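There are two complexes below, and they share chain A, which is joined by chain B in the first and by chain C in the second.
Our next item is the complex of A and B:
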């Protein structure tokens, strides 16, 4: 099983270059090859997921070439990492499957490299490798955003590049400071020494890492690139950027935060940042007419909610964060694929005109994705939202919960405007890529079925008493693990 | 099993469930057989789903599930209204209130309970936050700014459901919480909302009287009646509570039947504007008869059921010495005579309009629910005891010892007198000379120009002009659309401020970059 852990990273990394070369003979060959690799990766990540969930200590470690830490490189997957791994690979496969055939070998190769970087980031047990994978992720993302080579996409990519470079520099400075202080790059070993750091040192490193990861995660005020990059990118890329890339950056930062910065003050700072990110994004998103830009603001808003949930040092908060993450990945992936392809077909991203060529499946997908994103019961978004409010109140942050209210309503209004326009479309459009139809139906099905699975888990346990979840509740187990700051 | 444990079906749940199922069945029969084909399948499926959600809502005592079901009801209402633009105010007002409910839920969970009975135990603020959606859904001032848009803009197939069931959902919520929290409700809360409900009733009555559209008039009438029931329920007085529940039943029947008739006319003529309707009695005599019976009930005139329920509600207010509230509801009650007459006159009586050629009487299956609602309402009026007992049982009260027997014996006498008067009127109608139809141009003199627009020469337009002028200032004062506008503009201003951050200008991003570098250098200096 350890080999699989290495394979999910190495396979798409090598295949990225092979796919590009294969594509020189034609886009079809490149796309088929990429799809096979991503499907293999999805199967592998599912195997890892199943293995980790079934194992006694819910984790798996792979050491490269027998070199033990701190000298060697290691991959580490706990139960939260495997959830991220599974969904990252699912979305990567779905994005490619829904992509138009006209996308070139360059696109396919970059998607594979992006998947490799994501998998590496999720699994890395070493802070320097995290930086390396982070760099790969950024570079590939810049290229994907600029894929169309139009003025809009190049400008968006440049902005992304400028901010991304600053983020990388901050991250590198932060890592260098840590290394200078501890002499190791292994996360677990750093975590053991972190309690001895001075308050000021902690604050500086925390700030540097926050800026480093915060840019990619879309945390306010470092998320200015996001609202240009999402609309300018091809729709499968927007789905990936919004559905998993920003979440993985957030996950990494929170993972490092839970290991190194256990002081409640840091949690409070993140809680505040989460609230501000959510509030500002929803406020500005409310006035957007460009549908992809509107969805980008919604993504930043959801990141704010996730940040708040994960910042709470309670099991319910963690559980809420996980549910919000899964919900956002599925709903936003589906929305970007549907809305993006509709606006591509109609040649217009304006909210009044983008859906002129909507098909039936587009309407169903946008309705399911929109309602799930807003947390309409019984979606898992609803469960996440309720648990977040309960977690905030239980942790004594009633004021934060109250502050969220107007902005949650704002999001509901503008997302429903998008849904309403799609449903009102009289167009009978045809979708160019049959794979997109399959992805839309499958994601819609998952969105409908997932609440039943999750609520069954919840209802089995003592009348929704969240303190009474038992071991069978995987998500709860994962939340506990993250809370404990499980380490190598 | 755990889910079943959480659902404790009690008498209150049974009462509301019976009414909701009854309404759904009757409404579905009407929609299927009335010949309205477009959009019926989706409407029926969503309505069925909404009905199931409501049944679960009535039964549950678990606050998390209650909240989930309440929110589902809101969203389904929004979808069934099928007019995103007109229902957006409803959506944001409801969601805003529901998030306060969610905070109350979270606080109750943090308090250590999932039981709805414990909501009031946390503190009074928790109770108020939990009850906010009930107040919004009932359209009580100042939370009534969504009402006009939703009722007038809703899908016509859904408007009966909206008026008969959804509009009164807040009453169930209040009953569910208040009956489980005796002695824990702050008095100021009760009295404040009783008087606000009184003002709402008068406001909505004026709006109904001045309305130029049958659906709009009936909708405002619903709001007025719901406010009356809402206040009675808040009072927590035995007579008022029973009167409130009987009126709930009665009003559901009235609005079900009246809306069915109006929706049928809309389906046939494509309009519900008064100025385009008239003299439909000649084509729809049975519909007129049942509409008339229900109108009498709505106005609270014997021998129909409205008088019974209103009597009990007034009795409750008088027992609690809430004379100002009595006065407010009395004004609203008098106003109900005006709009009921307007509805009857403008739709079924009055001048013949071109639209009459499009209508014919409903078929027997479609008219069945209308007839049933009129007959049950009549039964409530002449033999109210079983209905009152049903309401009392739902409230967990023993009604074997009524405070007065006025609700039974005296109403019987009044009904008999009114029955005799109606009989006398019928005899007069048979004996006296009949009306005759005259052409519109009979009163035409001196080659005067006859305007084409009906509103300039037909008396069915601006029917109650003096009354509308009388209440104009009052209606304007309490029409809180400005609140919604203010909210929108306020948000726009803040949004504009923040939009500057995402201006897309590289210069601005350069400024951010420089700021960060300065900050880092500053921190570096501090580290030394």
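Our next item is the complex of A and C:
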């Protein structure tokens, strides 16, 4: 099983280059090859998911080339990581499957590299490896945003590039400071020493990492790139960028925060930032006419909600955050694929005209995705929002919870406008890629079925614990030698 | 102590950041990003550097036995190698963006982008 953990990262990394070469003869070959690799990845990550969920201590560790941590580098998966892993690979496969055949080998190779970087980031237990994978992720996303090489996409990519470069420099400074203080790069060993840091040092490193991850995660003052990049990218890329890339950056930041910065003050700062991100994005999003830009603002809003949920140090907040993440990935992925392909066909992204060539499946998909996104009762979006509300009230942040309500309504209004325009369209468009129809139906099906599964799980929150990041695992080795217990 | 290295790296980081925010030409911004990255790399190197010690290359048996007290910390040097390669990749990608920018807008002035697309 440890081999799978490594394979899920290495396979798409190598395949990315092979796929590019295979595609020199034609797009078919590289698309089929890419689909096979991503499907293998999906199966592997499902196996890891099942194994970790069924195992006694809910974790699995892969150590590289016999160097035990903290000296060597390692991959680590706990129950939170495997959920992210499974859904990341699901969305990667879905967005490739729904892509038009006209996308070239450049696209296929980059999608594979993006998947590799995402899997590496989710699993890595070494802070410098996180930096390296993060750079792969940034570079690949810059290139994917600029895919069309038109004025709009080049402009978006330039903005993203400049902000991303500053962010990665800040991240590296943060890592350098941590190394100077502790002399190690292993996350768990750093976490052991973190309580002894002085308040000033903690604040400086926290600020640097916040900028470093915050740009990619789309946290409020640093998310200016997001609203240009998501609309300018091809629609499968928009789905990936919005559905998983920003969430993984958020996940990394919060994982590091829960290890190094346990003081409640940091949680409060993040709660405030999350609220501001949510409020500002929904306010601005309400006035958008460009449909993909509207969805991008909604993504930023959802990131704010997830940031609030994950920064609450309680299990119920954790669970709310996970539900919001899964809901956003499925619903926004589906919406971006449907709305993006519709606006591609009609050649216009204006909200009055984008749906001129909507087909039946588009209407169903936008309805399911939209309702789930804004949280209409049985959906997991609803569960996530209600749980977040409860978690905020229980943690004593009633004011924050009340502040959320008007903006939730605002989001519901503009998402409903989008859904309404799609349903009202009389077009009978034809989708050129049959894979897209399959993806739309499957995602719609998952969105409908998932609430039933989640409610039958009887909320096993004890299995889902981000704080269950056991320092001993990193320090002394293999999963088989681990003792159960002493999780936070 | 190697305070002069720290001072120089902080100066380079500051100069790079200032260059990014003050310049409007994308190629000049790229140069500033490179300066910023050099500053960060220098910071990393100076963390592991100890005045008067050897490079961490263990070419002889007796050095292997007593290396700990004689050589500088090799980890930051390995990190910097990686960071330099990543910086090169970023720069190459940035320059290719600049070419496409010049093709699309016939300028590399960032402040002109919105106006030209309009």
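The rule we apply is simple: the second predicted complex is superposed on the first by the 458 of 488 C-alpha atoms of A that agree within 3 Å, B and C clash if a C-alpha of one lies under 4 Å from a C-alpha of the other, contacts with A are read in each partner's own complex, and residues count from 1 in each chain.
Note that in this section a residue touches a chain if its C-beta (ideal position, glycine included) is under 8 Å from a C-beta of that chain, and two chains touch if they have at least 3 such contacts.
Nothing here was measured: the structure is a model prediction, and the numbers come from that model.
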With both complexes overlaid on chain A, does A:101 touch chain B (first), chain C (second), both or neither?
neither
In the superposed arrangement, which partner chain does A:378 touch: chain B (first), chain C (second), both, or neither?
first
Based on the superposed arrangement, let me know which partner A:406 touches: chain B (first), chain C (second), both, or neither?
first
Of the two partner chains, chain B (first) and chain C (second), which one does A:166 touch, if any: first, second, both, or neither?
both
Which partner reaches more residues of chain A (counting touched residues only), chain B or chain C
B
Would you check which partner chain A:392 touches, where first means chain B only, second means chain C only, and both and neither mean what they say?
first
Just chain B (first), just chain C (second), both, or neither: which does A:185 touch?
second
Given the touch rule stated above, what does A:132 touch, chain B (first), chain C (second), both, or neither?
second
Share the list of chain A residues that count as touching for chain B in one structure and for chain C in the other.
158, 162, 166, 173
Sort out for me which residues of chain A touch chain C in the complex.
128, 132, 135, 139, 142-143, 146, 149-152, 154-155, 157-158, 161-162, 165-166, 168-169, 172-173, 176, 179-180, 183, 185
In the complex, go through chain A and note every residue touching chain B.
158-159, 162-163, 166, 170, 173, 200-201, 204, 207-208, 211, 221, 224, 227-228, 280, 283-284, 286-287, 371, 376-378, 382, 385-386, 389-390, 392-394, 398, 401-402, 404-406, 408-410, 412-413, 416-417, 419-420, 424, 459-460, 462-466
Quick one: in the complex, what on chain C touches chain A?
13, 16-17, 20, 26, 29, 33, 36-37, 40, 43-44, 47, 73, 75-76, 79, 82-83, 86, 89-90, 93-94, 97, 100-101, 104-105, 110, 113-114, 116-117
In the complex, go through chain B and note every residue touching chain A.
2-3, 5-6, 62, 64-65, 67-69, 71-72, 75, 78, 84-85, 88, 91-92, 95-96, 99-100, 102-103, 105-107, 109-110, 114, 491-492, 494-496, 498-499, 501-502, 504, 506, 508-509, 512-513, 516, 520, 523, 526-527
